[in-house]
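Each in structure tokens, the structures are laid out below.
After this come two complexes, each holding chain A, first together with chain B and then together with chain C.
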Partner chain A sequence: MSEGIGAPVKRKEDKRFITGKGKYTDDIRMENQAYAAFARSPHAHAEINGIETSAAEAMSGVIAVLDGAQLTGDGIGNLICGWAISSKDGSPMNMGAWSALATEKVRYVGDAVAVVIAESKEEAQAAAEAIEVSYNELPVAANIAAALADGAPQVHENAPGNVIYDWELGDGDATAAALAGAAHVTEMDITNNRLAPNAMEPRSAVATYDDAEDHYTLYSTSQNPHVARLVLSAFYQVAPEHKLRVIAPDVGGGFGSKIYIYPEEIVCLWASMKTRRSVKWTAERTEAFLTDAHGRDHVTKARMGFDSDGRIVGFKVSTKANFGAYMSLFSSAVPTYLYATLLSGTYDIPAIHCEVLACYTNTVPVDAYRGAGRPEASFVVERLMETAAREMGKDPAELRRVNFVKEFPYQTQVIMNYDSGDFEGNMNQAMEAADWAGFTARKAEAANRGKLRGIGMACYIEACGIAPSAAVGSLGAGVGLWESAEVRVNPVGTIEVLTGSHSHGQGHETTFAQVVAERFGVPLDSIQIVHGDTDKVQFGMGTYGSRSGPVGISAIVKACDKVEVKVRKIAAHLLECNPDDLVLEDSQVKVPGTNKALGWHEVGLAAYTAHNLPADMEPGLKEGAFYDPENFTFPMGCFVAEVEIDPGTGKTDVVKFVASDDFGVIINPMIVEGQVHGGIAQGVGQALLEEMVYDESGQPVSGSYMDYTMPRAEDVPSFVVEHHNTRCATNPLGIKGCGEAGAIGSPPAVINAITDAIGNNDVSMPATPAKVWAAIQASGTSMAAE
Partner chain B sequence: MHSLNYHKASNASEAARLLSGTEDGKFLAGGQTLIPAMKTRLAAPSDLVDVSGAADLRGITVSGRDVTIGAATTHAEVAASGELRNVCPSICEMAANIGDPAVRHRGTIGGSIANNDPAADYPAAMLALGATIKTASREMAADDFFVGLFETALEDDELITSIGFTAPEAGAYAKFPNPASRYAMCGVFVARGDGGVRVGVTGAGADGAFRAGEFEAALGGEFSAEALNGISVNAEEMLSDIHGDGVYRANLVSVMARRAVAAAS
Partner chain C sequence: MSTVSMTVNGKAVSADVEDRTLLVDYIREHLRLTGTHVGCDTSQCGTCVVHVEGKAVKSCTMLAAAAEGAEVTTIEGVANGDLHPMQRAFNDNHGLQCGFCTPGMIMSGIDMVNRYKAEGRTLDEAAIRHELEGNICRCTGYHNIVKSIAQAASEM
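Let's turn to the complex of A and B:
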């Protein structure tokens, strides 16, 4: 079927996006709408001595000026982190208080102190600037080293030494013994650079309190509106769940940054109640840099030991993770269960030990960002493998080959159980597509043009489809990570599919519809995907961690199973045949080879007229399902990057990039390829361009596009995207997920290629022209090229 | 953005008159620096006097090798001028690579020079071409005009009317863009004319655009990239930031200078 699973159907949602008719939160215009602007801390760390608001209150258009004392006085709760992690010694993590509006202290530049509600955005901004906050500046811990130094400034009183937790996973003794007995040990210090998420659409909220109904409505740029409602109700006490509707309309990118419930949404809801006005806030780009949760920011020391045949015998990883000034919603899980659990990579490693020290700093909170822990793990593993191969004089592909996991299921030493894959198959495919064998000639040709050419690979693996609820519950998660779906067949046969997944660019309206179209044998256009509204969809856990395919679609399949059972019963009753003899195709329910057939719409009509249904059957044709995954899924792949470097300037051009991914069963190959393209562009961005820099005083240095380098079209080559798929063994359609893969596998591939080109392994991300040029000077390779 | 009063001038004298009647007014040419600063509330003039439509501030005239460019002439107009390209293609090429198409169709040569952003392209060209910057009341040599970071010899409310120079025999501009902003991280304009060789450098200097005297002397002897071997600017006098330190920028000056000379040769 041309519209079903495997068909590159054009995206149904693109008509409205391409014609400028998408409806985003900032497009919402409520009657009686006012605007919020926040007064934010200019200091990274300071005591608040007083907040003088009288001048602001007197300004034109100002409706109210509100601060943290009023917020907490009204019983609005502190922001929470939803995943409890304990330290090695069993002690709980040290979570400092985070009020939506700071009261006694500010802890990062951008920390909100007060809010102005005014008739216009301009009036709100002008009044926010007129709020006079008296600060007593405090010493600043602006980065990991500063935060963990002796005598460091305390970001939170209840986190001595700024340590949130000191956690471990794996077998320390076995790993130490293995490394002690290793024939070769490769040791590296690795930094994973801090990134700003930079979704195209900035965060936005429109909150309305209806005092007649005592009911709240929040339009918000959320990846998970139901989780937002749950947290806003259960923890922030804004309103009980049945009195709060959260709508996430079209959302223009998230990359994780829109999972979390931020102070601004809480404040808009509360301010709407206080002022009896709808309250809108949309982040300016500067505010986005200052307040969106950042990603990555790890410092790691890693040691990988090998026997004389090149087989890995042990792997020890010690990581320090920067959490920023407060613990964001999922922050604690990122450097632990989304990171250390992937340190076996695609390899059979008999002993692994990972220690993670999480710390506070005076910077914006850090949380999940496309890949979330898995890019950091992939970078550590694949930089170590490449470096070890060079140190031992082995071919990097062959070193990987001898260490690959080859039999499934495979239980790693760090919790994960890989269900399927053909790691060598993906590597072979990538190397062939990249013409790995022809590289030497290309390098020589580039040298004739005065360019240094290098090649690098990375064999990433990730854990997606987060996650089996009982398993994550046992590891500290505060929620279950199932997904829900409801399939409603209307009397005329059209279908509405309600899903708890949320699309903010992924194309669910197309992909999900393809699954249902194929299942019931009906046209794609007869199916509507409904999502993003807590009044329409009963519950859902939202979209992140590449879970919408493996978990969200699985829930839809489960609901379709139930619908199909009823469809067969109705049709068998009407056609006087066995339900098992029926097939659903071409908009018919029929017995092949006979004239027994009903139109799909006739079955729908029969269900709702209920004139002639089987005995004891309820009318209607609507079924819901909750799907709880039995395991993570494990997309993996091999990426090959080829770069050319200008030795005069140090500028790197990625001239070739090949991806061979194993995503399991693919619903829409065009959308999947787009996901890979976007992911690689972000990964190349991390490798070459992007870094959120704070100076020693905690001031952001790269807080605008003048200094924060986003990847542009010219920074990436035309990608070669290949697939060598093995079916996922643990969900009904065999889907693994594809949303993050590109961002996970590409940074190590690019850095491995650069270090190959210049003959100096000491290059950190982002590999800016200045850094690469300096590394070339240090290694003396520039002369070799000229 | 704060609210303000907007005025549109049809010629230079009207612009001056309009500005004199304002409390804290500013001239607006292409607005490619001023408008973003206003949008982020870093600038809040009471009035804007728009000179982009002032007829006597626009256009390019070429007489023999003498070039005059009106201050409100856009980068796109400079890039596209066939008359100018015939005598001085290097400035057309440079203008064609400023910013992006939107910037080039709004931004003006006068605005760029008056702002004297240390990473703007035009100051390097003005220095290398030995340009004369004209206002209603006086003329200034480029060497005297660019004073420091965002600082020029202009008086408050003094409006550039045109830029004049004699086209060089050969010239070229080589730029290494800042990875983020795409302003020049280092741009070197080399011009060889009757008066010898002049080398203007932008983006790299800690005090803004400058002339590289040693480079000029070496190239005056022999106009070839090889003539620059072993010569460099002082890294201590270069900008240092998250994109590159002074040593790196000093290297860029040498590399871009060699590439500009090669392109001009």
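Let's turn to the complex of A and C:
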């Protein structure tokens, strides 16, 4: 069987995980290792009057107790948001100071105040509990409404009214005019529920300071170790880059939450220098709920106008976004350039205007979580389309069909330029696979069993591989969003590929190797993918935003291009032929139809012995590349969800779920489908089960797996995942990216199905049994089913 | 401190541990068998599942002292030479992504198949999903985990 592009090759990395030999950060134990435990605020908002540490310092095993005054006194800088967004009036965003250990005020439950370093985890935790912090409690802004109310408590003094920015995109006048002249306007208030990412591996850090070399090493649960090193060096002043090595070994899931550099990593590095000990910290699950960046949390009012033929004429969206107590690393980009730019959906919309008001609250910082802005956009667009179809008495599929973008490239009214796609083709495929036509009969059969059955679709589009660097720079990004790769052919012909992408479940060790194996005609087993260590890989931007396929692999292809040129030159020189006549296959470099052939390993050896190379050629066979995309890629698809609801309890069962995705060229369909499965489960979780709840005093209510409903195996069905792919026009292999699609398209599909089943459009996420039951009572559908 | 003695993966082990030491901490920190994971603090997630006397146990819910004299098997000990059929099934069916929940899933899967076989019951998809109530995965959407366990059930 082929091992190359398109082959469902079993994963190379699996063996260590299925045998218990994976090496995650918490599995690492350094010589001379001590443990960190944090004293955290029990209040959502309070002034710190004093920190009494003497009791803690006297406890067994305690090495040091450190606080924010010492941290800032040592010159450790504040945490920052790396994407500058300006308000409509041109004023810069109001970023409040965020110290890794709070000094004057605490702003959310879980804000770290001090840290204990001790000989054991238990001793550190006991001493952290013995730290006495004197607080003066302040009024709390626990949610968007409270934060934006008149006279609301101020979370940061430099953000009046708790407003971070008041931003807009699109043409307000044109949109207002279009809506004024519309034959029909659908208006909805939509809440996108706050989620906790919940990678199964809690965050962890092991920091070591070597005073002989004045050098730091950090093992970290990071999706992007190079970005971590850059930020720790350039902004937090922990150590200069050449004196800091960051290693992200096996990482147990990320979903965005492990992009950011958190206070704990900063403190562990600093504390390792203060104590001359390796310092380990691993979050407990409740600590993860209290400190990992949450996702979503939008409140939106949207109006979509149609002409008498059902064509969209204008779309106005006003969104309020909760950023929590501090601006996390990429927080500002999420409800702006990752959200408003996708509001054209899969449709040709002539006028769009989006306003976004971002605010502080006394809650955990909010940042990118699987999809990051795009699920929120998809939910708004697809809920509006469904509702509009019902209001106008049109078939929801036909309404979408009329409005689909059909010609490419397509310039939306909100920056994005779609390069490719066949949106109708994906919808047709999904409807066929879901047996949409047979739904009426299934609904009747379910009614006979006393169940309410509903069907819903969502045609999502997303943008992956955020790029190009110059464009994102002009929009405020503090970094470039390219990727790097280095391809090293060893003298024996084996290959090491160094990538700036990071795998935390995505299977890069297999997928990336497949690309190289096919390119050079060598076995998959002769290729090793190296990632996750700043001492090995020179630089990289990491893995998030479904960028590893379209951007990370493209960088590898670019490096392979350079290697291949040199391979051809060497082989042509040795075989006395034209480089262009050579083919690379079956571990040979040969001229087809002749006996002119070299083993792949012979070319490698020739490059390193350098006994007989073309004139002026350097020895060795190693090339690097930096790939900066010319555009985003635009995966899209159509999801169809079918639900059955028990009208007596309001419990929803997702009985069928079909996905038809356009991911461009697929390297490993088995891995791609796995990404879709996982994304759908997270989206079904958002739609039915999950919500991070704070009470009015800012206390987290759903801070453990006893309270926060993670999707279990019984909560989701088996999925039908199909593909209808069109090649991406803007990268070398035509890849679009697949990591987030499942989480983007599934919430609206599920809610559209539920509202179809119960005949009441007023159901918010998560659609818990209590909410659905109440909606059934309000609409009187329960009687219809009985 | 107490001395605890047990057999782990066929090997007799003994150590002085604090009375409060959980079995999972004994396995990870004392025996340095780090394939058994900790993913929560409320016995919900199942990443710590091991076998004690042949039955699946969440090792975060049991004191090391309570396993005195017991036969304990961890993910490192399930294979008899080559891979266990459950391990191979997870590889065959792409039943894992980040791998963090995987050892617990495999240990629960083996236990599930053994129980159903012993009781002569059929382990169909609905039964597998029901039995996985105590194991959380955030990556796979369970689709391929269910397939993996079904394959192993037909082979074990």
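Convention: the second predicted complex is superposed on the first by the 785 of 786 C-alpha atoms of A that agree within 3 Å, B and C clash if a C-alpha of one lies under 4 Å from a C-alpha of the other, contacts with A are read in each partner's own complex, and residues count from 1 in each chain.
Keep in mind that, in the parts below, a residue touches a chain if its C-beta (ideal position, glycine included) is under 8 Å from a C-beta of that chain, and two chains touch if they have at least 3 such contacts.
Because the structure is a prediction, the values reported are computed rather than measured.
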Touch check for A:Y705: first (chain B), second (chain C), both, or neither? both
Touching partner for A:F255 - first (chain B), second (chain C), both, neither: second
Should A:K10 be classified as contacting the first partner (chain B), the second (chain C), both, or neither? second
With both complexes superposed on chain A, which partner does A:D214 reach: first (chain B), second (chain C), both or neither? neither
Check the residue A:I671 against both partner chains and state whether it touches chain B (first), chain C (second), both, or neither. second
Hey, is it chain B or chain C that touches more of chain A? C
Which partner does A:E104 contact after superposing on A: first (chain B), second (chain C), both, neither? neither
Report for A:Q125: first if it touches chain B alone, second if chain C alone, otherwise both or neither. first
Can A:P769 be said to touch chain B (first), chain C (second), both, or neither? first
May I ask you to decide whether A:E157 touches chain B, chain C, both, or neither, giving the answer as first, second, both or neither? neither
Once the complexes are superposed, what residues of chain A are shared between the chain B interface and the chain C interface? 122, 284, 286, 705-706, 710
So, in the complex, the side of chain C touching chain A is made of residues 18, 20, 28, 32-42, 44-45, 47, 74-76, 79, 83, 87, 90-92, 94, 96-103, 106, 125, 128-130, 132-133, 135-146
Considering only the defined contacts, which chain B positions touch chain A in the complex? 1-3, 40-41, 176, 179-181, 183, 242-245, 247-248, 251-252, 255, 259
So in the complex, the part of chain A that touches chain B is made up of which residues? 122, 125-126, 129, 284, 286, 648-651, 689, 691, 693, 701-702, 705-710, 768-770, 773-774
Under the touch definition given earlier, write down the residues of chain A that touch chain C in their complex. 10-11, 13-24, 26-27, 29, 122, 198-202, 250-253, 255, 284-286, 504-507, 670-671, 673-675, 677-682, 704-706, 710-714, 716, 718-719, 742
